[in-house]
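You will see two complexes here that share chain A, one where it goes with chain B and one where it goes with chain C.
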Partner chain A sequence: MFIGRKFNSLILSSLRCNLENSFQFYSVFPPNYIKPIYKKDEQEALYQEETELKQFSHSPVQPAKTNNTCSEFHDELIRKFTNYIMRKGDKKMARKILDETFENIKIKKLNEYYNTPPEYRENIILDPKVIFYQAVENCTPVLELQKISRGGIAYQVPIPMNENRAQFLSMNWIIRTAQNKGNAEKLSDVLAKEIIDAAKNQGRVIKKKYDLHKQCEANRAYAHYRWL
Partner chain B sequence: MMSYTYSLFSRMCLRNGRRTIITAATKDVPDTNIPWFRISESNPAELDENCLTRIYTIPSDITASLMSNMTLELRKQTEVFRELGILVRRPSVEIISYLEQTDFTKSINKYILYGIQGAGKTTSLLQLIHYGIVKRYFVLHLPWVQTWFRYPRDAVVSPLEPDKIDLPESATKWLKYIKEINKVALSQLDLKTTKEYTWSQREITKSGESLSNLIEFGIQRNKFACGVINALVDELKMASTAAKCRTLVIIDGFNAFTSSITHVKDENHAYVPPERISITSTFLSSVDYNWCNGAAILTVDKKANKDRKDSDYPTYLLGKKGFELLDPFLPICVENYSLDEFKTILEYYKDRKWIKNISDKGQRELELLSNKNPYQLWALCKPLY
Partner chain C sequence: MTVLIFTRFTKMRNLMNIDNFGTVRGLLNIIQRSDVISKSYSTDAIQQIISDKPDKFSERKINKAMKVYLERSREYKQFMEKQIAEYNIGKRHLAKIMGEDPDNFTEADIDRAITYLFPSGLYDKQAKPMMIDPTKMYETRKEAEFDEAGRPHHFLFYTLNPNYYEVLHEIVGSLNRLDKIEDQMLAKKIQPSSQDKLDIVESQWIGKPELEKILGEEIKDKDFEYFIKSMDRLIQHPVSKHAESFIMKFRKKLLFINQHLVVPKPEYDSDNRPFILVEKCARKNARGQVKVIGNGSGKITINGQDITSFNDIQCREQSLRSQSRDNAYKKLDSSSVLIESSDRTTGS
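This part shows the complex of A and B:
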């Protein structure tokens, strides 16, 4: 076990980085192995389209990962968010923080629900998952700045980015903004506040997004350096 | 000697004591507005076998008085749900039916609730406290003994008994709480002290003074709060024996008293056993057999003591000393939810907007994950909707 850990921490990382020797690690499974489909509704959808099923029927399948579950409480985006919260591999802690966050969101929203007059109550969303999705969507940026040097001068050039990167930025901003508060408040409390604010299109994370967009707008003149 | 006193007691008590009989009152036609998992009845004395696996609501004034001493999770639940709804379960209904049929001229009966952690022992007690308040008992509720021993704010040498240690701050807090929950009983029952208590040269509580004055004195004079608790329990025992009132002793986590170590430190900075803390003997005497017109409802819990953690059963948790003190007692097991109770509680959460769209498969998953344990279920439902 000790040797294994040593290997992971010291040797493996250096091997991966050392691309000059053109030495690279490959997956245990060859590329013709397909990824497992572990959600039950996805499997049922597969059965209805027979052509796809035929494609998969004779191809070997990778084993499912430990965090892949067919439970209806499992959610891909939330799983990802948990991993972004995680520090030093402490996933139990990360999951606890996120659970507490969702609980806080529910409590805050229920308070709001009971404090509004009965005729307006139906408009209030109580589902923390929906609020979370909304928050992530609202915080997603369109452009970002990249440093490109032309003629010895580095320019901040606005460039579009792919979906994954944008989603990562939006989620990471939420976490970073919540962590900025320091140790005075619990992370789960601040995170709940930030998520609720972001879902309403307000708050510090949204401001951060707008600031970035504004800078991109200002640096519009450099946009052609992307391809020139 | 013992038999003589006992016969004297019973003769005294027979004069005034009336055995209450359960009347099979015809139930009203249930309201159509009330959902199937609720009962409109809010009097715990009326709850019987028919009301099992349904939820009854404790009135808001009693909830407010209990609020400060409920568990953290239950307090949170009450704030979020805007009411304190309690599932009517077998243990509390059983104890209430026993209390209704008890011959109060005999020495007190002791009921011990036991069960695994999170099974609902403390929550069952809430219903019994409500019953006590409604039935005009004097309720001596000691919420979670371990808070006295685990987190002592200030431990000082007792001014009345020099070899013992007082915990004045917790004692004052508790006296306030007792005054709060027994507001009605104190004003109606008109209880008087029977002997003179000398606290110091100047401060004397004369005989014939009302008990509320005694409690008020304990709250004012922090130093003698533990002595006041001792006096209060003695007076209540005497008053109950004289059939002036009925007393319901409810102690949560009783086995903390019979444990071998506490977190209280003496002047030499050494941990002391519970016997050296002045309230221990008080509350041990409150569950003694030498008084009548009362009942003692206790819980034992693994979490309440430091040295015994292997089993949940009362004989083990109480230890030899505690067992000999309490024997004979009636052990009552608080188990995990049954399937009906599980469904009811999920329906209640749905009604209170705590969860909403959980399919049958999800319910099955929750059932298996929590093993129908009330606390586990509550914890699992927290992030879901």
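This part shows the complex of A and C:
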């Protein structure tokens, strides 16, 4: 809070001056303001790096956002997934759904664990977070199709994409597939099922990925339209 | 080959005493040096010696454009002198009107006096009456950048941005110098270490307006980018420390953030426990106050309730954030009271 007040009185006024003089940008903070490091392990890692620490001590830092927390339950990928689930800005609901989903995953996995004979139990992963990571990784596509028109004809051209886009598609497919459900079913139940399936490299999402890859393979003849 | 023949030829001419000014030279007894090739157009000195009326010649030498320029600069100087004199007299009058010392009447005093004597309800600054130093009022004109013969003083005058290109020229010069230094070091079998490299963490490049101020001329965005690129290359040189004085002219020091950060000192309550009280913490429309007490047991009080007064988990995480550094939440108590809020409930 103190820092917040300090920020309002000292930095914000000078920021407004800067805004008038220099170019237009969309954030309140000029580009030389760096993002805060709010996780404890990252902070400790920063202390190891001498040059980075020096840089950090000389550049102004943006205030931490409301969803930034150093809680040990915080995870960057899960935070992103929550935001993808969220509809109409209802983050409370999105978080509730995800918590229930992880609970369901845990229950299902524990069921599986106790139903298998003790000698095979070692291979079963119980941690929902690990299963979630596995699922996202398995669903990540390599190529996607893009419409490119050449000579008046639109071709479906297979193109590679960057990591962010691939990760987004992977997570979005999981959510979209889970939303494709009957009225009686709950989203958290279906989502749990999809994630467990995807972690095993099975299920509807994985099929979707394979379909896309198959189509890309079929359209490989058009691949050169990407640059020609 | 041709040069050789030419010099020989001139020597022969000298020997035979045949040249373009043969007769004049004979009269004035000018000895021509054999290693100087005489040129018919570099005759200023000779003409001045020869001529009986030097004024006539110098008048003819100045071309029309130059004449116009001289006329204009003379007019400008006269005008400015008049304006400054008027301003100084006016200032003294104003000081007398206001009953102050005319010798120590500053610009701030003038502004104050003008706003007092001519009150104006207009908002536009340009529409208000003002009394400004003429040197600030009228734009200063550049002094002549060329001599009487029309020859520019600066060797890069015809690039249109002589100072900018001079800096670029200096960059290349210092790059070459650094290369030489590095070569010398390598010849002595000394590897350049990190100490020879300039430390750039604590400073950053100046912006375009600042560079323009230093150079005294307007430059394009593209040129500024090129300048930064070139300077970056100079900085990346392994012995860039040797060009520090040149580089640092174009870098500004970054502030050490902690310099302006005042950490509040804790007060002590009756149980000798340290505490910090922050009042009127603003969050959107809500105002609250927070008290963090040391030597505690990790108790959290929000509006008289514990942390469960927040239904949202994100809010609970937020209320713990201030304490969770260095696992301090086990030792601290904190209480926050919401003073006023329009619609949202926010604690810390």
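We adopt the following convention: the second predicted complex is superposed on the first by the 202 of 228 C-alpha atoms of A that agree within 3 Å, B and C clash if a C-alpha of one lies under 4 Å from a C-alpha of the other, contacts with A are read in each partner's own complex, and residues count from 1 in each chain.
In this text, a residue touches a chain if its C-beta (ideal position, glycine included) is under 8 Å from a C-beta of that chain, and two chains touch if they have at least 3 such contacts.
The structure displayed is predicted, hence computed values, not measured ones.
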Is A:I107 contacted by the first partner chain B, the second partner chain C, both or neither?
first
Please name the chain, chain B or chain C, that touches the greater number of residues in chain A.
C
Just to be sure I read the superposition right, which of the two partners does A:S71 touch: chain B = first, chain C = second, or both, or neither?
both
Taking the superposition as given, does A:L98 touch the first partner, chain B, the second, chain C, both, or neither?
first
Would you sort A:K88 into first (chain B), second (chain C), both or neither based on which partner it touches?
neither
Quick check for you: in the superposed arrangement, does A:K147 touch first (chain B), second (chain C), both or neither?
neither
For A:D127 in the superposed arrangement: first (chain B), second (chain C), both or neither?
first
Overlap the chain B and chain C contact sets on chain A and report the shared residues.
71
Report the residues of chain C in contact with chain A in the complex, numbered from low to high.
201-202, 204, 207, 209, 254-258, 260-262, 264, 278, 281-282, 290, 311-314, 317-318, 320-322, 324-325, 348
In the complex with chain C, residue positions of chain A that touch it:
1-2, 4-6, 8, 10, 21-22, 32, 38, 40, 51, 54-55, 57-61, 64, 66-71, 74, 91-92, 95
The answer for chain A against chain B in the complex is residues 71-73, 98-100, 102-103, 106-107, 110, 113-114, 126-129
Using the touch rule from the top, collect the residues of chain B that touch chain A in their complex.
76, 80, 82, 353-354, 356-359, 361-362, 365, 382-385
